[in-house]
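Sharing a structure, written as structure tokens. Questions coming.
Here the chain labels run A, B, C, D, E and F in written order, and each chain numbers its own residues starting at 1.
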Amino acid sequence: MFRPAPHVLAGDTADVYFLRTRQVMEAEGLNPIATMEVFPHRDGLLCGMREVEALLREALPKGAEAWALDEGETISQREVMLRINAPYLSYALYETAILGILAHESGWAQAARECVEAAQGVPVTSFGARHVHPLAAPYLDYAAIVGGCASGSTPMGARMAGREPSGTMPHAMIICFGDTVKAAVAFDKHVEPDVPRVVLVDTFLDEPEEALRVAEALGERLQAVRLDTPSELGGVTPELVKETRARLDQAAFERVQLLVSGGVTPERIRHFLSSGAPVDGFGVGSYITSAQPNDFTADLKEVEGKPIAKRGRIPGITDNPRLKRLI
Amino acid sequence: MFRPAPHVLAGDTADVYFLRTRQVMEAEGLNPIATMEVFPHRDGLLCGMREVEALLREALPKGAEAWALDEGETISQREVMLRINAPYLSYALYETAILGILAHESGWAQAARECVEAAQGVPVTSFGARHVHPLAAPYLDYAAIVGGCASGSTPMGARMAGREPSGTMPHAMIICFGDTVKAAVAFDKHVEPDVPRVVLVDTFLDEPEEALRVAEALGERLQAVRLDTPSELGGVTPELVKETRARLDQAAFERVQLLVSGGVTPERIRHFLSSGAPVDGFGVGSYITSAQPNDFTADLKEVEGKPIAKRGRIPGITDNPRLKRLI
Amino acid sequence: MFRPAPHVLAGDTADVYFLRTRQVMEAEGLNPIATMEVFPHRDGLLCGMREVEALLREALPKGAEAWALDEGETISQREVMLRINAPYLSYALYETAILGILAHESGWAQAARECVEAAQGVPVTSFGARHVHPLAAPYLDYAAIVGGCASGSTPMGARMAGREPSGTMPHAMIICFGDTVKAAVAFDKHVEPDVPRVVLVDTFLDEPEEALRVAEALGERLQAVRLDTPSELGGVTPELVKETRARLDQAAFERVQLLVSGGVTPERIRHFLSSGAPVDGFGVGSYITSAQPNDFTADLKEVEGKPIAKRGRIPGITDNPRLKRLI
Amino acid sequence: MFRPAPHVLAGDTADVYFLRTRQVMEAEGLNPIATMEVFPHRDGLLCGMREVEALLREALPKGAEAWALDEGETISQREVMLRINAPYLSYALYETAILGILAHESGWAQAARECVEAAQGVPVTSFGARHVHPLAAPYLDYAAIVGGCASGSTPMGARMAGREPSGTMPHAMIICFGDTVKAAVAFDKHVEPDVPRVVLVDTFLDEPEEALRVAEALGERLQAVRLDTPSELGGVTPELVKETRARLDQAAFERVQLLVSGGVTPERIRHFLSSGAPVDGFGVGSYITSAQPNDFTADLKEVEGKPIAKRGRIPGITDNPRLKRLI
Amino acid sequence: MFRPAPHVLAGDTADVYFLRTRQVMEAEGLNPIATMEVFPHRDGLLCGMREVEALLREALPKGAEAWALDEGETISQREVMLRINAPYLSYALYETAILGILAHESGWAQAARECVEAAQGVPVTSFGARHVHPLAAPYLDYAAIVGGCASGSTPMGARMAGREPSGTMPHAMIICFGDTVKAAVAFDKHVEPDVPRVVLVDTFLDEPEEALRVAEALGERLQAVRLDTPSELGGVTPELVKETRARLDQAAFERVQLLVSGGVTPERIRHFLSSGAPVDGFGVGSYITSAQPNDFTADLKEVEGKPIAKRGRIPGITDNPRLKRLI
Amino acid sequence: MFRPAPHVLAGDTADVYFLRTRQVMEAEGLNPIATMEVFPHRDGLLCGMREVEALLREALPKGAEAWALDEGETISQREVMLRINAPYLSYALYETAILGILAHESGWAQAARECVEAAQGVPVTSFGARHVHPLAAPYLDYAAIVGGCASGSTPMGARMAGREPSGTMPHAMIICFGDTVKAAVAFDKHVEPDVPRVVLVDTFLDEPEEALRVAEALGERLQAVRLDTPSELGGVTPELVKETRARLDQAAFERVQLLVSGGVTPERIRHFLSSGAPVDGFGVGSYITSAQPNDFTADLKEVEGKPIAKRGRIPGITDNPRLKRLI
């Protein structure tokens, strides 16, 4: 699942000085057993360890050892969460990749966690694939699910986390049909029955109006409608959710769920919930994708069993009883 | 150079609803000529267009047309910078990838540009590979160079931008040697002569002290020293740069350049320059990698030649005389 | 027009101590010629002078004199804008009413002026009657017109200022008809032809949708539509105005004007205009009615020709060459 | 007491579109039984219901019903506090007046309440008549008393609330006498004995000095002195109150009370009390009169027994068990 | 110890108007028994009373009395902390000196107290002599010790407080020796054995490096090293303290203490302690010397037994049960 | 004038480590020619150089040299404003005193300068002696005059600056007389005729009232009245100054000047002047005395002609063409 790409293994995505370090040290016949420790710059959630583990298993020779915290555990600022003890050149080239995997994914996972905690049990789905490079998008969805999301929108991301991808239909499809009800009926006719029928209801008319028309057309088979009002029209508000709920209920569609997307943040989620808006699911995009990476730092702390460190760091191994043997 | 990955072409990184849209519309025999327009959410710098162009060239059928702004051009909030006119299903699956490429890379390029402008001609290098996923790292370096950076630290990223990668040596190598001077001498002995000799001088002793020792050991061949003082010791300050410069000059090493890295931001760059610190180059990492993506939105504006749009958007093509024919 | 009410003349709305002052001074046979000066607490616009003049003409005996600034002139903090020279008991009882008229109306007029200046020529109408006591409402509209508004919504207020009252139709009427188009057609059928046909278009469907339907029903006779989107749905936005304009224009209703109301303030007006939203008129309510009164103070400065004052004030008449003889 | 004025009943102070609504609906023969609900925009205190009740009793036909909260009850943002069920045209014309009465008076009452709560039992009197239009002034005093004030300064306002008006003497009277003691003695000689002797003591000399002189002149009959130091001399301070108290006590005038006015706000009241200043009463003016109206909104929620509403509102009657039958 | 200087007794440092007051009152034969009370402008710590007592003992005649709070007691804003009852001319000339002694010393003592409280038992030493006039410096150290400091750096100041002065060695001495170890060895050789060996370790090399070298040279006799990193290099940080501690401990110099100076404030002290930095002593300079004086005011409150006071103050003696008989 | 005190010369007010430095270096026979440079921590005004010069003239041997800026010159942050070249032990002991004199006096002088600049030509007098230790008070007045004050209140301070001390009379004297007029008349009778008659006029009655009474009593001989209203009564305000001026002028005392004291700061001075208050002189106390010292630092930069420095500083002499030969 997390098999490292060949060009990553070859060092083509590494800081070039690690390639030169290997060149120089090999020429000097120098390859000491060295202990490296890694710590994050902020408190947060650890994500990326499984991918790092896969990389280390490819790289480390027999006899090497590693200790780490688990995927999804909380981490504290400057807490050592990974320790590697091995001949230095066996892993020197992968410092860049290890830190990058952890930084990017832990940053996303923590932001997802903040949404999930704000939602107090209401499911949250990752809709951010469109805000990151497509090669990174599946890792975003994976990290969001580690952070507590119910699923993500990309097949590859959901698959890495053992989930089904989640999605409804785009505005573009409705516009191609020229009518929300026609699009909904066609979707219902052609898509596998185990895919939930969830319809976007803000394309042509007022959300409560479109919701009612779609509910009448699909009846029992309609699982949910999604409100995604654009910011030009003020975005989705708690009052709009309540009004849609009330109008659906007055027409006896109490079973149809309401999903909300567009500009959703933990603060907005708390605002919806504290306003009593009956939301059945949130879709979150840019809040997670605009989270800053949680940068990590790696330090050599022992060489051939002797404590050493650069200035500003304390020589020798840092005790952390939470670490478990990884390799 | 920017050939799309097979799993991206297959839609495995796309929002799943585009796969379902294709399934439904094909079943209905619906594939109208549709015009899609794309615009950014913030002012900034456009990056990712070459990669998007490569994707569209794979996807669009004969007769399809596209207009766009160029890589590296400035873009304004909500300005249409890409327009596609083609059978909808030929490109429906790639909306997620197109938006993601543009968002991630334009965000990085703009942050790089801010550093470059602050530096007023002093070269800036992208050192952020360690803060992003390794599959994304080369695109980060490419975007930083589009934003004006002199180079980046990854071989693949520099190559995409037609540059040589830039790097010195890691603290870890110096620690393996146990002595900065020994490490510098070994580097000088074994690395190709066209690679500049740039030595990190904060590992074991005071920066001015180590700089002097290295300068004495390498003499004329030393191109630069890099100050990367950790934040635990207060980071690099303008006064430290000045002191190092003065001590090198007093020992007649006026030719040795001073590079600065660690926590560098446009504000810090301006502070160094306005304090008169004689910096010859800046390395920037997390300022660029923690930039938020500049999110993009795509809208269908015409179907079979007729203006249409979802609520909140204005139907029909948006005039933008800056657009040039792309395909 | 501004004839004082009998109970105001009788002192029933005055601070009771003025009634007692009259009682005591009459009993003592004391009624000196006294000079009173009045000044405002803030910079602003003077409003209420015509009503004050009407009150003084009822009150002052032959030989009394008064000087003042004109209705609608700008006034400065602490600038003397009214001076009365008369036997003290002839006007003692009206100090409360004079100050109250000036304070309340000048406060409203200044707030209206701020909206009018922000609107740069786009007409502004006072819609605030519903936020003040009905006995005060006409004076609010009068003050708003002195401040530059095109008109107000109350017949009596507009009449005092020599204008026609301005209004469209309430949501309640549309709801009684159950259909915006039916209500509009009935209005058009029964109301005098010189009353402009202006229809509210946010009651049942999206504003652009309702606007189009009404425009099709009334044709040439429709002068304007009014957007009054409730805050629950995000209020009116510049984008909504632009979208409505675009959809009306695409259907060849370029002549139909767009009026905006609901939460309008000078800041919002500037936002609409700087966003390029083609607004043809603004309706302002609570910004004007929630303006604080511009409090005024009255001081005796001469008694029987001799300078005198309470502590903290400078005895004697204050020179102000802007004052003109009023009575 | 709260009999509606004829021009209010005639709609001359109403938004003109209600007059046109009546014209159109009568012409169409349309007058459905409609249910209107009213709610406030802020939390606060309800004031104006008695006046609204008097208006409705004049307007509604037999068989009509209304429910409401009581005068002086607390109200919550968006809480329905009035519901009318009657033929729509019987009350359409009065929506403006009903909302205006409630908005203006509830705003004043709430501000008064804030002062009264800050004063923790020390009496507060409304002195703001000079900051509002004389036709509104009595309603201001009435609202202030509903908010907890001991009384107000206008005879008509106090009478509406069943109190005696409260006042001392103006600076102008003292200046006419040319001497505070002479003015106080004349007041004492000529005014009915049941009116408390309260003398302003900041006109010509220091407050403690004038207080002592007046106390010596009036002896037992002096109930209180009022400190109203102008802002030019720093306004009244807790230290000035304490000094006046100390000097009066040292001269055995412990019985003379100290009233404070001028720039009094809840914050200033708390400052006086927490500083231990022995204030026996506060006079409040502009804090109450510069309170913003608490705007109210009216919505039709049922027509001929069927739930209906404009977009953004929930159709049908809103349950509020606090409502009591009014008519 | 606190004998007043002759020119202070002669009035040469007094406000000149006290000299003139003596001249005028003597010429008029006026010298009433007067009671003066003194109070501070801020809450804080009382310092200077012993010096004031010495001054009063020189000045006051037989039969005069004084009451006061003790050196080092807390004082409240406006609390009377000194009362003098004596013929006015016996102490008139010393009002300036009394207030100045109390203001300057109480300001310093309070600032010292804030550092001491922040340090929670870790000793704090006054190093501020270089920031105040040399005639004031001993009083600064005395006040700092009253505020809780362990000692101060000036011999005279420490002596006044009954302590030994505290100090290590200046950078200048180390620079004259050209080598930190040589300077330390010479100090150890020539200075009396009861003076603690405390060596500055930031002059030529990194602090941990110099600390190790000095510890190796002096062995058991080294009591502490002082870190005084200049602000140009980021000042002392908690991480630097921890690193120095770790490197000393790894070399078995656990007994050597760590003192920190340079920019130390209560906030910095709290930061060091909450970060777990093992600091054994703080040296504080400019935080104490830049404290504002706690100004005092003196008022005559009785003359010949009769209450009197200037406007704004309450005549007569102020009760304060905390006062004790001083003279 | 600036002869150093014996205990300062003996090192009793110095940091004790300088005494130990002398002891160690003498024992080692070490006394190199050393160059010390001194610079301030903030921009400001230089004060104390004359006193420092007197100290150096006592201390330095033949052949020693010093360069400096002049008393009263502006200085920039970190600008070298004093350089000493002499055997180190000749001046080592005086580093503390030199820095302390400069820091304390430059801080005061700069604060005085800010007041003087705000006053735009209106004379400012230093009244702060009562806020500093009496041994420091004359140096405060000297520094204030260097900063531009017209004079100070202490005889010794004024004498050091070649001025006459400035003062009026204390409240205490007026209270002893029991009457402001009596005190003024006695002062006029007994004090030398060349001392200006300036009377405090806020002791018993309103300032304008007392000013008029004193003016009538002293006639032509009254030069000025001083307003020093206590903060309990709101302090002196521009309006009070204007009122006093107006009442004096109406009584033909246009020649009597108005001095203002109590809480005077540059901001208050600007407020008085921009309000048009006709102030003829300001007395400033705590603004100057609560100014923070402008700390200075001394560095050895050459020993026996060779550049040297501690870490963080640049070895060797710093060029400053503004320096002039002092010794």
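In this section, contacts are C-beta pairs under 8 Å (C-beta built on N, C-alpha and C of every residue); 3 or more make two chains touch, one makes a residue touch a chain.
Nothing here was measured: the structure is a model prediction, and the numbers come from that model.
S.K.: Given that chain C is a copy of chain F, what angle of rotation, in degrees and a multiple of 5, matches their CA positions?
M.R.: Copies differ by a rotation of 120 degrees.
S.K.: Same or different for chain B and chain C, where same means more than half of the interface numbers show up on both copies?
M.R.: Under half shared, hence different.
S.K.: How many Å are there between the centre of chain C and the centre of chain E, using C-alpha atoms for each centre?
M.R.: 64
S.K.: Rounded to a whole Å, what is the gap between the Cα centroids of chain D and chain E?
M.R.: Each chain's C-alpha centroid was found; their separation is 57 Å.
S.K.: Please report how many Å separate the Cα centroid of chain A from that of chain B, as a whole number.
M.R.: Distance between chain centres, rounded to whole Å: 22 Å.
S.K.: Among the residues of chain A, pick out those that touch two or more other chains and give their numbers.
M.R.: 205-206, 229, 232-233, 239-240, 243, 311-313
S.K.: Would you please name all pairs of chains that touch?
M.R.: So, checking each combination of chains, I get A-B, A-C, A-D, A-E, B-C, B-E, B-F, C-D, C-F, D-E, D-F, E-F as the touching pairs.
S.K.: In the complex, go through chain E and note every residue touching chain B.
M.R.: 205-206, 209, 229, 232-235, 237, 239-240, 243
S.K.: Touching chain E in the complex: which residues of chain A?
M.R.: Per the touch definition, chain A meets chain E at residues 307, 311-316.
S.K.: In the complex, go through chain B and note every residue touching chain F.
M.R.: 206, 208, 239-240, 242-243, 246-247, 250
S.K.: Touching chain C in the complex: which residues of chain D?
M.R.: The touching residues are 5, 7-8, 11-21, 23-25, 27-28, 30, 32, 34, 36, 88, 92, 95-97, 99-101, 103-105, 127, 129-139, 153-158, 165-178, 183, 186-187, 189-191, 195, 202-205, 229-233, 286, 289-290, 292-293, 295-296, 298-300, 303, 308-313.
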